[in-house]
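Each chain gets a letter, A, B, C and D, in the order it is written, and its residues are counted from 1.
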Amino acid sequence: MPASYAYLGPEGTFTEVALRTLPEAATRELIPYVSVQSALDAVRAGEAEAAFVPIENSVEGGITTTLDELVAGAPLMIYREVLLSITFALLVRPGTELSDIKTVSAHPAAQPQVRNWLQKNLPDAHWESAASNADAARLVQEGQYDAAFAGEFAAARYGLEALETGIHDAENAQTRFVLVGRPARPAAPTGADKTSVVLWQRDDHPGALRDLLGEFATRGINLMLLQSRPTGAGIGNYCFCIDAEGHISDRRVAEALMGLKRICLQVRYLGSYPRADMQPEEVQPPRLGTSDEAFVAASDWVARCQDGRF
Amino acid sequence: MPASYAYLGPEGTFTEVALRTLPEAATRELIPYVSVQSALDAVRAGEAEAAFVPIENSVEGGITTTLDELVAGAPLMIYREVLLSITFALLVRPGTELSDIKTVSAHPAAQPQVRNWLQKNLPDAHWESAASNADAARLVQEGQYDAAFAGEFAAARYGLEALETGIHDAENAQTRFVLVGRPARPAAPTGADKTSVVLWQRDDHPGALRDLLGEFATRGINLMLLQSRPTGAGIGNYCFCIDAEGHISDRRVAEALMGLKRICLQVRYLGSYPRADMQPEEVQPPRLGTSDEAFVAASDWVARCQDGRF
Amino acid sequence: MPASYAYLGPEGTFTEVALRTLPEAATRELIPYVSVQSALDAVRAGEAEAAFVPIENSVEGGITTTLDELVAGAPLMIYREVLLSITFALLVRPGTELSDIKTVSAHPAAQPQVRNWLQKNLPDAHWESAASNADAARLVQEGQYDAAFAGEFAAARYGLEALETGIHDAENAQTRFVLVGRPARPAAPTGADKTSVVLWQRDDHPGALRDLLGEFATRGINLMLLQSRPTGAGIGNYCFCIDAEGHISDRRVAEALMGLKRICLQVRYLGSYPRADMQPEEVQPPRLGTSDEAFVAASDWVARCQDGRF
Amino acid sequence: MPASYAYLGPEGTFTEVALRTLPEAATRELIPYVSVQSALDAVRAGEAEAAFVPIENSVEGGITTTLDELVAGAPLMIYREVLLSITFALLVRPGTELSDIKTVSAHPAAQPQVRNWLQKNLPDAHWESAASNADAARLVQEGQYDAAFAGEFAAARYGLEALETGIHDAENAQTRFVLVGRPARPAAPTGADKTSVVLWQRDDHPGALRDLLGEFATRGINLMLLQSRPTGAGIGNYCFCIDAEGHISDRRVAEALMGLKRICLQVRYLGSYPRADMQPEEVQPPRLGTSDEAFVAASDWVARCQDGRF
């Protein structure tokens, strides 16, 4: 297997910064791709060991491009996640002052996150969208625009300087990234894990979705993401991307997945992996009757009953 | 193990008749006991292989004496059930006519089942309770009373004749009897089985009982009996005797029992045994997603996911 | 309406003692009846204003005779309940000593409650059942038996003395009695009330009973009694007698009853009345979203939405 | 109120075509706006009576820009919806042939819907994104590109001709549009209506979302859309945009909304309006116990019970 990770490029974006927080990234060749789709296709084709792409952010919610790629096509699995706080720097050519700035540029996704700051500090600046924040920085370097919103880390690469840092309209702006590979054995449980699945309902009737979620609820499993995505079968037809607490090797998660498998038209397992937002010691203990011990004890008891020894 | 069955006596009652419908009864010594408690104690003490006692009838509901014995004390298990339609004969000494009857006798439990018939046919007859219907017949034989309500089969034993047969106020009057033994491997599933358990709630809060029943409902398991019984911990404290469709070797039943074991304070397994009211071919097939095949397929799928092969 | 209360006689039983704890009993004529059925029939016939009968005890559970009378026939309603701790006195003719006692008598229901005491103190005494504990006392007075188990209050009436008091095998042995009348407006809510209903399922399928109980659970209403009773339509056909927290004038109770009315084949309302086990200040406040205030606020909000004003 | 409808422009797009299917559009001035946000702001500011914007399509799912505008800011309400099948025409300057086409243009959202067609028919054509399909047509008219994907209706406006029509990769590609106004009384029920709401959970625990959906399920109400949107409180914090069957004047819908109001942190009502996908005669009758008649009967019954008349 090639020792390379594909990622959503170009270089110098938040995605690359997030990827480099993974220790294993230091030992791989990191290759930027122009789109989520092309990065994941590289994994499917065996050209890359894994791909690193954004999947959710606190402003836009689920990144639909990534979710749709995971929902359809050859199966892939998530092995790691990274949470990155997103704050922007205003990058300019050395010597530029705030009063010199007539045009600003960034990827369109940055715009809602800096709108208030712009309104207050550069109310007359003209906005020009760029293909990526890094590309905006390059265009500033080349003199096409006066300033770019990008990660502070991009300044050095493009010979710019940060006139202001820590720019963000929303508190707690974060993006979640995932490392995606071909199906294999999930990482060992750490005690603070999550499990991702895609569910397709068998039919649509009152209570159908409630019953799906009931498979988690009756095992005391909290949900962290529920994102509906079109199935392609026409408007109003959705499947559900769900992130749930716990690891598939936890008995309660395994039984919930079994229950879903039995009642859903289809279930796609997307992996179990360490939570980026929490350490094992911060995880709430399972609710009464939902620990592995409770499952094992109950299973043993039924076996003894089946055998007449109790 | 002694080749004898204890049963609720005396001889000549519906209980004995029901017991004799079991083929295995022909090869055992059948010993009448004066009470349900004494018959079950004989089993617990190893003096009898099994005991045959009434557990439910269509007029009184659950027979609380029997249920309370199964709920408490050393564990016992149900291995067979028998349904018997209950109709009474009016037994008299040969030569007695209806107009001669001044006093009638039977076990008190018979009274509500013949009240309307008495009102219409013997409005002036005086009722005298007896310890059992068979005992009433004996007292008629001895001349103490003029007539007894009992099973027609009792006539011959006591030298009486049936002046009228087929007496019953309620249509479909039936009593259910069970053959109870010490814990051992349940009988093999027949395809039309039921499983009996006793459940103690962990605590009492809104939805607690609903959630217990949900363990059956989410596996598509129908309930046939729900009878609350006092726990002895004071008024308002109950456990629940439940009969559910299916056999503990059915995956959906086993998983429901596991779920109950996990959330209940205590679960007592009372056995899985053939249904007396139905043949295998009459049983509804399991609801979608609750067949053994669905469980096995789901379990296999989870195992493959855990292994990264899917 | 006649100013009399019927009660399950004879005089001198726990029922009469319990009845006399009701202040309103002091202003009524109290008339003993030979059976629960006859006492309730007196109410239905307009011969008595109300009837006072036992409905539940901590040893036997629901008193099926009373429940069956409330379930069927012309509708009745419960207006009050009384809880009485049951302890027995051993009543003897003056001068009798423990070593003189060869025979003891009481109503059969008393036997399980004094069995251990007998075993320890009078292991050789012979038990004779009587029609009531009061009747046993009378038979001691007449010299037929040596001692009777009855309420201490019965001693004076029958010229006996209590050789021992406070006899009870089970801690917390209590009987619950109810005052039953013809349907009328329920008593005003006190803040610590209960509501009794009988439910008949529309059909029997997996989850049917769970869904009935869900009508209470989703409104945060705790259940205090669930007793199944045969419907008379053959074995395995049950209706459910339920006691739930709260008063029909509580919004959450009214909505739960509406929900039951919509999904049940039949619902019989048996009344809302003050709880005997609890004072208003001891009642837990309703769970979040289930108080009257929450219901009124939600109803107002929907009305405003229907009107486009929000 | 100004007799104008704002809509997502520019002229000549699918949005305008969908809007013109509404009879009331014929009597209003239709004003294109550059963004969903600006169109809705025009309504909020009272500059337009209503705004017509896309809200869901069969390829992308919920249109997040529109949903986010409805979720936040001054309340708005949906009064109408329109479903439009989306097929593209390939528009060219008169005389252009397929073999002449080197560059094609359209809005980026069109790309996934024509990708396969392009791959097969114009594998070497270069794709250029435009601000809208209409804009792409204009640029073809001006000679900047060779062909544009747009609605066939756009040909006349830009002096182009349709070289091919009916282009769509996905069968059943549809977009749903809504007419949004300031809060007012909802349109009268037609028998085939839907109701839109936004729900914020009070807290996050196992079963929280299941319980929200249970408010619909227990009233027999089917869901047609469940789309989660970030609340802005940080990653993993979502509210839920839900479309449910029925009209707020239906008793079952009103009671479900009351239930949600009681248990949610916040509920925003977005209106009840005729379904575009179904005529009243096609709607399934309400499930047993969930019709208006069942609600009225149940409510009457509870009122009679509260009054002691039953």
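Simple rule for what comes next: a residue touches a chain if its C-beta (ideal position, glycine included) is under 8 Å from a C-beta of that chain, and two chains touch if they have at least 3 such contacts.
Just so you know, these numbers come straight off a predicted model, no measurement behind them.
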With over half of the numbers shared counting as same, classify the chain A/chain B interface as same or different. same
Between chain A and chain C, tell me the centre distance in angstrom, where each centre is the average of that chain's C-alpha atoms. 60
Note: chain B sits from chain A at a C-alpha centroid distance in Å of 58
Distance between the CA centroids of chain A and chain D (whole Å) is 26
Could you list which residues of chain B touch at least two other chains? 211, 214, 218
What are the touching chain pairs in this one? A-B, A-D, B-C, C-D
Within their complex, state which residues of chain C touch chain D. 75, 77, 183-186, 202, 211, 214-215, 218, 248-249, 254-255, 257-259, 261-263, 267, 269, 288-290, 294-295, 297-299, 301-302, 305-310
Would you pull the chain C residues touching chain B in the complex into a rising list? 56-62, 64, 83, 170-172, 174-176, 204-207, 209-211, 213-214, 216-230, 232-238, 240, 277, 287
